[in-house]
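Down below are the structures I want you to see.
Each of the next two complexes has chain A plus one more chain, namely chain B in the first and chain C in the second.
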Partner chain A sequence: MNTLLDIHQVSCRFGGVRALHDVSLTVNNNEIFGLIGPNGAGKTTLFNVITGLVTPTSGNVTLDGCSLTGLAVHDILRHGLARTFQNIRLFPGLSVLENVMIGRHSLGHTGIWGAISRNQRARREEADLRDTAHQLLQQVGIHHHTQTLARNLSYGDQRRLEIARALASEPKLLALDEPAAGMGQTERDALRELILSLRAQRHISILVIEHDVKWMMALCDRIAVLHFGERIALDIPERVRQHPDVIAAYLGSAS
Partner chain B sequence: MSILLQQLVNGLVLGSVYALVALGYTMVYGILGLINFAHGDVTMIGAMVALTSITALSGHLPWPAAVALGLIAAIAVCMVLGYFIERLAYRPLRHAPRLAPLITAIGVSIILQNLAMLIWGRQYLAFPALLPQTWFDIDGARITGIQLAILGIALTLMLILDFLVRHTRLGRAMRATAQSPQLAGLMGINANQIISVTFLIGSALAAVAGLMVSAYYGLAHYYMGFLLGLKAFSAAVLGGIGQLRGAILGGLLLGVIESLGAGYIGVLTHGLLGSNYQDVFAFFVLIIVLMVRPSGLLGKPATDRA
Partner chain C sequence: MGASASIFSPVSVGKGLLLVVLPLLLQAGPGAAWVRIVDMALLYSMLAIGLNIVVGFAGLLDLGYIAFYATGAYLYALLDSMQFNLHWPLWATLPLSAALAGLFGLLLGAPTLRLRGDYLAIVTLGFGEIVRIFLNNLDTPFNLTNGPQGISLIDPIRLGNFTFSRPHHFAGLTLTGTQQYYYLFLATVIGMAWLATRLQHSRIGRAWAAIREDELAAAASGIAVRNYKLLAFSLGATCGGFAGALFAGFQGFVSPESFNLMESVMVLCMVVLGGMGNVNGVIFGAILLTVLPEALRMMGDWQLNHFGHIWIDPNDVRMLLFGGALILIMLYRPAGLLPSPAQRREWQKKLP
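Moving on, here comes the complex of A and B:
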């Protein structure tokens, strides 16, 4: 197994609060990796460290051998890590297609002169971009809505659009922040199928944070459990489920 | 009939100039939420530079070459000016309360007016009489060659801009930045660059409008940017500020209303009010429209701007 994402001894303090303490984990190529833990366990902080919104107090994060620590968010995107947001963040007044095209902005080259002169290169880039965006929308299952404004999509479709937009930047690692939040059981099952099919079709790694433990157990190859900022377990779902620390910290108290 | 047609043509010509300037206001407002009150004065600088260069070149070059070079000079000066106004006056205040950049904009406007007064003086400058006086008579109305050129060039520029914003990578990035600068930043869009480009485009359009207005009236003056800017700003508000097509519609409408008002107000009031009330007419219509539709003709309710 070759490692894609390597989180090495990451600690993070906010004033006197120890949000993360010496957390290490790795995500392999083509792996679906889950991150669970009770509220306040540090999942979101770890996610923010990986995606560049928070700089860790110590430790570092590398993606495919490149250090991500201290990089700006859009540079991290360029290195091959795209994310979705817990509270959906789309461009509400742009069409579904345009939202996906914006996701691929950083891969484009056309500048202002290309845009005005409409030279051959600019036109071809635009046409390719359009095709790719259509394909992505097809892959996530909302291709019948391309011209709809993003704000008019249903909640579930907005989540799918966010995933399509993240995929548009050709990431090696797709990070999903509570993708099933606010969904009904049918939608959750459909979303899980989608994530599994994306991994199969695009050969990417996917990192997921989610509260729904059952749902995660059926989705992920491996799961890490955080509790009070520390990693208390890291294993395949069956073994995580039986891990005494996990039961004590999380599953036991939850049920 | 011929008066109506004549006033409609005059109004459309005037309105297309308003629209070009209004586009500058609306683009900047769309992205920064800032009313760039110095924009009218950028137009004035464009008019001054164009007029001065055309006057200087008119003896040495045939008139089309002189006008073209004057236009290029005006565009270049205005773009540089617009770029530095944003960099020096507005960017440092990007995260300040909204009132601060607004006051700064008024300050920049005053600085530009006084600068122009120092360079070009207080007197009205006359546009050199070198454009050929051609016209066409249609049903008793007279359309001059200058009017046709203004309409044609202005409409072409508006079409290009509309296409640029709706269908290109740059335009998409501009619209995304207008909706959410932070999120656009996360997508790898450099908001500062987009803002600079917005000022560059707006200033170039202002330069063209400046040349047009000084050629049309045959005059330029250091204070001309004030009323022109105010009207163009009103046009942008009338159409729905932040909306490109709104600025175009608002500009054309304001021009037509103003000219119809000037043409008919004497008849309507039995000579009590003359055509010198044309400015009042335009603002009167603006007030009425805003009472009925506060977000402007094409504007969306404020809640839509997330």
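Moving on, here comes the complex of A and C:
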């Protein structure tokens, strides 16, 4: 199995808070990798570090052999790492279709001249972009609202739109921060099917944060557990569930 | 889009004809002064289109925009006047004025990139004032700008042998200078509006919209936020510089006082009032806010004629009316009088 994402001894402090301490893990090609842990364990911080929003105090991250450390946020996306946000961050005043089209910005080439002249190349790029955006919306199941403003979508549909926008850049690794939060049971099950189908059709790796452990057990190939910024376990789901530290630290504190 | 199909519809042909005969009607009706007012409205429309790129498209607040207008105007004034006895041709002066303003846009943009909202507004405001104060004081150590007196006797705009300020005969009609400037400015406004609209509905315009909506999400979607902000600043400034050069040639006189903070605020009001982000809307705002004060001024004359005394001085109530109008707009039509289609859709949705 070859490694896609390599997180190597990452630590991150915010003043006195030790958000991450010496965390290492690897995500393989075509793997669905879960990240669980109690509130404040550092899961989102780890996402912020790998996507360049937060600079770690130490440690480094590589994606497909390229170091991501120190790269600008938009450059990291270009290297093939796209994400969604725990507190949904769409472009609320733009249409659903535009949101997805913007997600594909990095694959476009149209510059000022193309935009003004609308030459053949720019027109073709625009047409292809629209087609792809429609397909993506179809894939995540919200193609009937293309002209709706993003802010007017239901909560669950907003989360799906965020996934479509992230997919639009054709990432190698898709990082989902609590994609099922606020969803009902049927919606959650549908979302899990969607994530599984994305992996199957696009041959990408997916990194998921989610609190619903049962849901994660049925989705992930491997799961890592964070607790107070430390990785206390990393294994296949069945063994993570039986791990004594995990029961003590995470499941214990949750119940 | 269906624009190309509808351009020959009876309504658009009618509108086009009206635009063509407007200066003739104004001259015959209310008088030559109104042709001049409409010319000014068109110059302000250019500014509104330019500022809209920065404020409406990219969502960056700029309170010093008039500095770019000043840059263009003064460069034209220096290159085409008795100040240094230079008389450069328009094809050189106009692009240079636009380019210099665009460069200033980059210079202002670069250090302010990390600032947002209020902070950005304060820094841009300061920039606008700095430019004005420089123009005011650059008569020493060597006389560049003539200081507070400004530069007068600026050459009128000339294209080849055609001097815009001189009356010409066309097919039995005599066109005055102001009328000829009208057509030049109208063509420029149409051109700028067309360019701005094309940019808006492109990959570039979407990147600006993304930055306006959520800068962090834009970066996480692969947009090089810094570059696109700089692009917005410098394109907006370019429009301002272009308009400034035309203004200098039209007016024949420039002085620092034409470029004070109130002017920046005025152009911003045009953009906000007309409908941020919508090119037609901001042109509407520019025309409205140029014509209304003039209409108010007429009110003063009317009082003088009828009562022999001015009871309500238009100059006193002007700012009051503007303030009131802006507050009403913000309360009842926050997307402007002519909002962009997307915002209109949303407003319709909110109504039951």
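What we mean here is this: the second predicted complex is superposed on the first by the 255 of 255 C-alpha atoms of A that agree within 3 Å, B and C clash if a C-alpha of one lies under 4 Å from a C-alpha of the other, contacts with A are read in each partner's own complex, and residues count from 1 in each chain.
Criterion: contacts are C-beta pairs under 8 Å (C-beta built on N, C-alpha and C of every residue); 3 or more make two chains touch, one makes a residue touch a chain.
Because the structure is a prediction, the values reported are computed rather than measured.
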| message | Given the alignment on chain A, is it a clash or a fit between chain B and chain C? | response | clash
| query | First (chain B), second (chain C), both or neither: which does A:Q86 touch? | reply | neither
| request: Please indicate which partner A:S11 is in contact with in the superposed arrangement: first for chain B, second for chain C, both, or neither. | output: neither
| message | Taking the superposition on A as described, I'd like to know which of chain B and chain C A:N60 touches: first, second, both or neither. | response | neither
| message | According to the stated criteria, A:L94 is in contact with first (chain B), second (chain C), both, or neither; which is it? | response | both
| request: For A:H74, select first, second, both or neither according to whether it touches chain B, chain C, the two together, or no partner. | output: both
| said: If we overlay the two complexes on their shared chain A, which of chain B and chain C does A:N152 touch? Say first, second, both or neither. | reply: second
| Taking the contacts chain A makes with chain B in one complex and with chain C in the other, which residues are shared? | 73-74, 77-78, 89, 91-94, 98, 101-103, 105-106, 108, 110-112, 114-116, 118, 122, 125-126, 165, 169
| query | For the complex, which residues does chain A have touching chain C? | reply | 51, 53, 72-74, 77-78, 82-83, 85, 89-95, 98, 101-103, 105-106, 108, 110-112, 114-116, 118, 122, 125-126, 147, 149, 152, 165, 169
| query | Considering the complex alone, what residue numbers of chain C touch chain A? | reply | 195, 198-199, 202-207, 209-210, 213-214, 216-225, 231, 342-343, 345-346, 349
| note | In the complex, chain B touches chain A at residues 160, 164, 167-173, 175-176, 179-180, 183-189, 197, 304-306
| said: Show me the residue ranges of chain A that touch chain B in the complex, using the header's touch definition. | reply: 73-74, 77-78, 89, 91-94, 98, 101-103, 105-106, 108, 110-112, 114-116, 118, 122, 125-126, 129, 151, 165, 169
